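Presented sequentially are two complexes of subunit A, the first with subunit B as partner and the second with subunit C.
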Partner chain A sequence: MLSALLVMAALAVVIGGALGYAAVRFRVEGDPLVDKIDAILPQTQCGQCGFPGCKPYATAIAGGEAEINQCPPGGEEGIRKLADLLGREFKPLNAENGVEKPKSVAVIDENTCIGCTLCIQACPVDAIAGAAKQMHTVVDPLCTGCELCIAPCPVDCITMEPVGETVDTWKWHYPVIPIKTAA
Partner chain B sequence: MSDSIQVEVLYAHPHKADLVKLRLPAGSTLQQAIEASGLLQKRPEIDLAINKLGVFGKLCKADTVLRERDRVEIYRPLIADPKEVRRKRAEDGKVMKKGGGDA
Partner chain C sequence: MLQKLFKFNGGVKPATNKAASTRDPIKPVPMPRQLVVPLHQHVGGTPHPLVEAGEQVLKGQRIGAADGNVSSAIHAPTSGRVLAIEPRVMAHSSGLSSLSVVIEPDGEDRWIDTAPMPWRSMSPDEIRDELRDAGIVGLGGAVFPSHLKLKPGNEGTHTLVINGAECEPFITCDDLLMRERGDQIVRGALIMQAMLKAQRVLVGIEDNKPEAIAQMQAAVQRNGTTSMQVIAIPTRYPAGGAKQLIRVLTGIEVPHGRRSTDYGVQCFNTGTAYAIADAVEKGRPLISRIVTVAGNVERPGNYEVLFGTPMDHLAALAGIKADTDRFIMGGPMMGFRMPAYDVPVVKATNCVLVGSEALFPAPAPEMACIRCGECARACPADLQPFELYWHSRAKNFGKAQEYHLFDCIECGCCAYVCPSHIPLVDYYRFAKSEVWARERQKDAADVARERFEFRNERIEREKREKAEKLAAKTAASRAAASSAPGAEQGEAAPAAASTAADDSKKALIAAAMARAKAQRDAADQAAAPVATPPASAPDSAPATTAPAPQDRSI
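Let's look at the complex of A and B:
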C-alpha cells in the first residue's frame, strides 16, 4: 500500500518536473502561423476585411474565425498564397469586402487643402505629413493606398492616383499575339 | 537605456519626399536634427522662419527635445485660405462634414 503511494507520488513529481522543464525550454514566442499569414498580407491596414488591420485579420485567419478571401488589396495572388500556406482550397475574392484595384497612392490637391489634420488622424501608417494650418503632404513610399483618408477630408481634396509602372513594380505580361485575318 | 536615439527628418512635396534617417545623441533637439539631416543645404527653399516644424503632425518648437523614433516634419504653408474656403462653402449651402460624415 505504502509503496504504491510512494511510486505514484514519485511518478507525479518526475512527470510534473519534465512538463515544467519542457514548457520553459520549448517556449514559443507568439504564434508563428500568425506571423507567416501577416507576412503574406499587403500591410495596407485598410480594414476592408472587417478587422482593424492586417495583423488582427491574420490572427483571425489562424484562429479559423475568418475566410482567406477577405483582402481586396492582396487580390487573387494573396488568396492563392494563403491557400498554399494553410492547405485550404482557393476561393475567389469575397465581393462584400471590395474589389481588387491597381496599387494607388493618395494625392492631396495643394490648392484646396485647408490644413485640418483630419486625414492625418485617419491614416493608419503615418504617411501624411502636416499639422494644423500647415500643408498636408502624402509621402508616397509610405502610402499603402488604403483610401481611409478620402472620407474625412472636408474639402474633398484627396484623390487616388494609380502608381505607374516602374522598374520596381514591373511584371512580366502575358504575350498577346494579334491574329491576322487571311487575305 | 542607450544614449543615442533614432529619428527621421521629413520634408515632403507631392510625389517627392525627403525622408532622412538619423542617429543622434539622446537629448538632441528638433533644430539639431534638422541641421544634421543636411536638408537645409539640399533644399535651399526651406526657411525656418517661414516653414514650421513638428513631430508626427503636432507643431513643436525648434528647441523641443526629441524622443526615440520621433519623426521631425518640416511643413510648408497652405496655399488656400481656410477662412475663404469656409465662407465659400457656406455660400454654396454645403455643410462641413467634420470627421467624415455624409454631407
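Let's look at the complex of A and C:
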C-alpha cells in the first residue's frame, strides 16, 4: 500500500516537474492562432469589421469575440478559409459590415485638393504622400482600397477607381464546356 | 564525329506540316501604313517611353528604355513620325491593350548611326548592358531578356546549346534562318560562347531539316571553329523544349526547381544568336525577326518582319483563304489565338498560323477522365498530368503545386493524346494564373501589414516622445519656477498650453495649469507682462509627418 502511494507520488512529482520545465522551456510568445487568422485576412486595414485593423479583428476572432463573416474585402473566399482554419460553419458575409467590391484604389483629384493632410492622417498604410498646403497623391501600388481617406476629405476630392486588368494580371478562365444550342 | 544522343521520356509525333512554307526563301514585307510597337514585348519590367507624339524617329532609335535589369529596350523599326503613344490591343490571348508607340513610316527607312561593338575589349558587364539596350531577348518564344542568361553559372558553363530543333508543327522560321544565314548564327554563337566561357557549342537540329543541318555544318566549317558541333536529333515533339533538348544532347536531366546553368549548360535559340551577332557586329538593335505564315493561306512562307507590323498586313502577302476565322500566334500545339486580325507582330511571334474551322476543327466535347494514363506516358516533363488535372479542376491549387504544376511547359502533349478530349493545358494555365494572382495578393497583403504595423509603432513612438519631452520640460520649468519664481513665465505658459492637448497627463496638466496661473497672477501683480506667446502656437509639439489640421485653411 505504502509503496504504491510512494510510486504514484514520485511519478506525480517527476511528471509535474517535466511539465513545469516544458511550460517554461517551450513557452510560445503570442498566440499562434492570431497570426494564422491574420495571414488569411486581406490586410486592407479598413475597419469595416468594427475593429481598428486586421490584427485586432484576428485577435477578436481567436478570442471568440467576433464572427468570421465580418470582413467584406476578404469576401466569401476569406470566410471559407477562416471556417476551414477554425472548424466553424461557413456563414455568408454579414451585410452590416459592407459588401464585397472589386479591388479599387483611391485617386485624389489634383485640381481640387487643398493640401489639408487629413487623408494622410487617415491612411492606415501611409500610402498618401504630401505635405501641408501641398498637393497630395496616392501611391497606388501601396493603396489597399480601404476608403478611410474618403470621409475626412473636406473638399470630397478622393474617389475610388477600380483596378483594371492588365496583360500582367490577366487570368486564364476556368475551362468551361460550351453547351451547344439544340438544332 | 559521333555524338552519343540521349532520349527524353514521352513526347508525341504530330504531322509536321513544314514542307509548304520552306519552298521559298525568306521574303521581305512591304512597309505597312502604320507600325504599332508595344512597349512590353518581353518577360520583366515594362520599358518606359523615350519619345513623344509628333517626334521624328530614325530606324533603330531607342523608343523604350529598359525598366531595371530584368527588362529590355524597345526600338523604332523604321524611320518616321510618332503618331501617338497609347494603349493598343496586344498580341495576347487576353485581348487587353498595352501602351504602344504608333509610328507612321516616312518611307526613307533611315538608320541611326551604328557602329560595331568592340566587344573583345569590353567587360562582360558592359556587353550585357549593351545587349539589354539593343533589346535582345530570347526569340524561341519565351522572350526572356538574353543579357541575363549570358553569365557563366556558379560552377562555370561548359556547354552552350543552340536550339535549332523547331519541333512545333507548321513553324519553319528557324529552319529558313539556318539555311540562309548560317554564318551569322555561328558568329553569334561564338560571341555567346566567349561570354559564357563555354568549352563547346552544340547546335541541335531535328533530323527533318536536312538542308538546315547541311548549311549549318558548312557554316561551321567555313568559320573554322573546332569547338562547335552541329547535331541532328530525332524528330519528336517537343524536342525543342530547352530541358528536353539539353537532355537529348548532353544527357543531363535538369531536376525540378533547378536551372540548366546549375549544371553548366545554357541554351539559346538560333534566332537569338543571329540577333546578337547583328547587335555586336553591326551595332543594330533587334527590330525585326523571321516569321512563318502558314495554315489556311495560298502561299505559306517565311518573311522578315519589322516588329509592330499588323498581322493581317503580313498574312495578306501569303494570300489568306476566304474561310479564315482566326489567327494563332505560334503553332497548333502551344500557340495562342489572337483577339484581332490587326494585332502587331512582336518579338515572341515566330509564326502567324492562319486558321479555319476546316483546318482546326473545334475539339470534340470533353468527356470524363477514364484514368488511362496516356497523358503521363506522353508528358515530356515527367509529370502526372491527370493528377494535375484533377487538382486544377477542383481548384485545389496547393495540391497541384505539390505535383509540380510549375514544371509543366504547356507543350500540349497530354491534351493531344487524351482519348477523352480534355483540354488539359487550359486547366493548367488556369491553375497557374490563379496561383500567380494569389501570390501577388499575398505579397500586397504582406506589404500592407508591414506598413500598418510600422505606422502604429510610429504613432506610439511619437506619443511617447511627446510625453517624455513634456515631462522633461515640466520638470525643468518646475525646477526653474522653484529656484526663481516669476522669472520664467514666458517659458511656462506655452508648456502649459501644450500639456492641455495631452489627455494622458491630466494630473500633470492640472498641476501645471495651476502653477502657470499662479505664475501669471504673480507676474500680473508684478506688472511685468513679458511677451506671453499665443496659446495656439505650442512650440513643444514634436514634428509629426502629418502637420496639424489647422494648416488647411488656404
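In this section, the second predicted complex is superposed on the first by the 146 of 183 C-alpha atoms of A that agree within 3 Å, B and C clash if a C-alpha of one lies under 4 Å from a C-alpha of the other, contacts with A are read in each partner's own complex, and residues count from 1 in each chain.
In this text, a residue touches a chain if its C-beta (ideal position, glycine included) is under 8 Å from a C-beta of that chain, and two chains touch if they have at least 3 such contacts.
Keep in mind that what you see is a predicted model, and the values were worked out from it rather than measured.
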First (subunit B), second (subunit C), both or neither touched by A:I120: both
Touching partner for A:P154 - first (subunit B), second (subunit C), both, neither: both
Partner chain in contact with A:T112 - subunit B first, subunit C second, else both or neither: first
Touching partner for A:S104 - first (subunit B), second (subunit C), both, neither: neither
Touching partner for A:V167 - first (subunit B), second (subunit C), both, neither: second
Contacts of A:K133 with subunit B and subunit C, given as first, second, both or neither: both
Touching both subunit C and subunit B, counted on subunit A across the two superposed complexes: 114-118, 120-121, 126, 131-133, 141, 154
Contacting residues of subunit A [partner subunit C, same complex]: 38, 41-45, 53-55, 114-118, 120-121, 124-127, 131-133, 141-142, 144, 154, 165-167, 169-175, 177
Subunit B to subunit A touching residues, read off their complex: 10, 12-17, 19, 52, 54, 56-59, 71, 73, 75-80, 82, 85-86, 89, 96-100
Subunit A contact footprint on subunit C (complex, rising order): 40, 90, 92-94, 96, 98, 365-366, 395, 423, 426-427, 429-430, 432-434, 436-437, 440-441, 444-449, 451-456, 545-547, 549, 551-552, 554
Residues of subunit A that touch subunit B when the two form their complex: 107-108, 110-118, 120-122, 126, 128-135, 137-141, 151-155
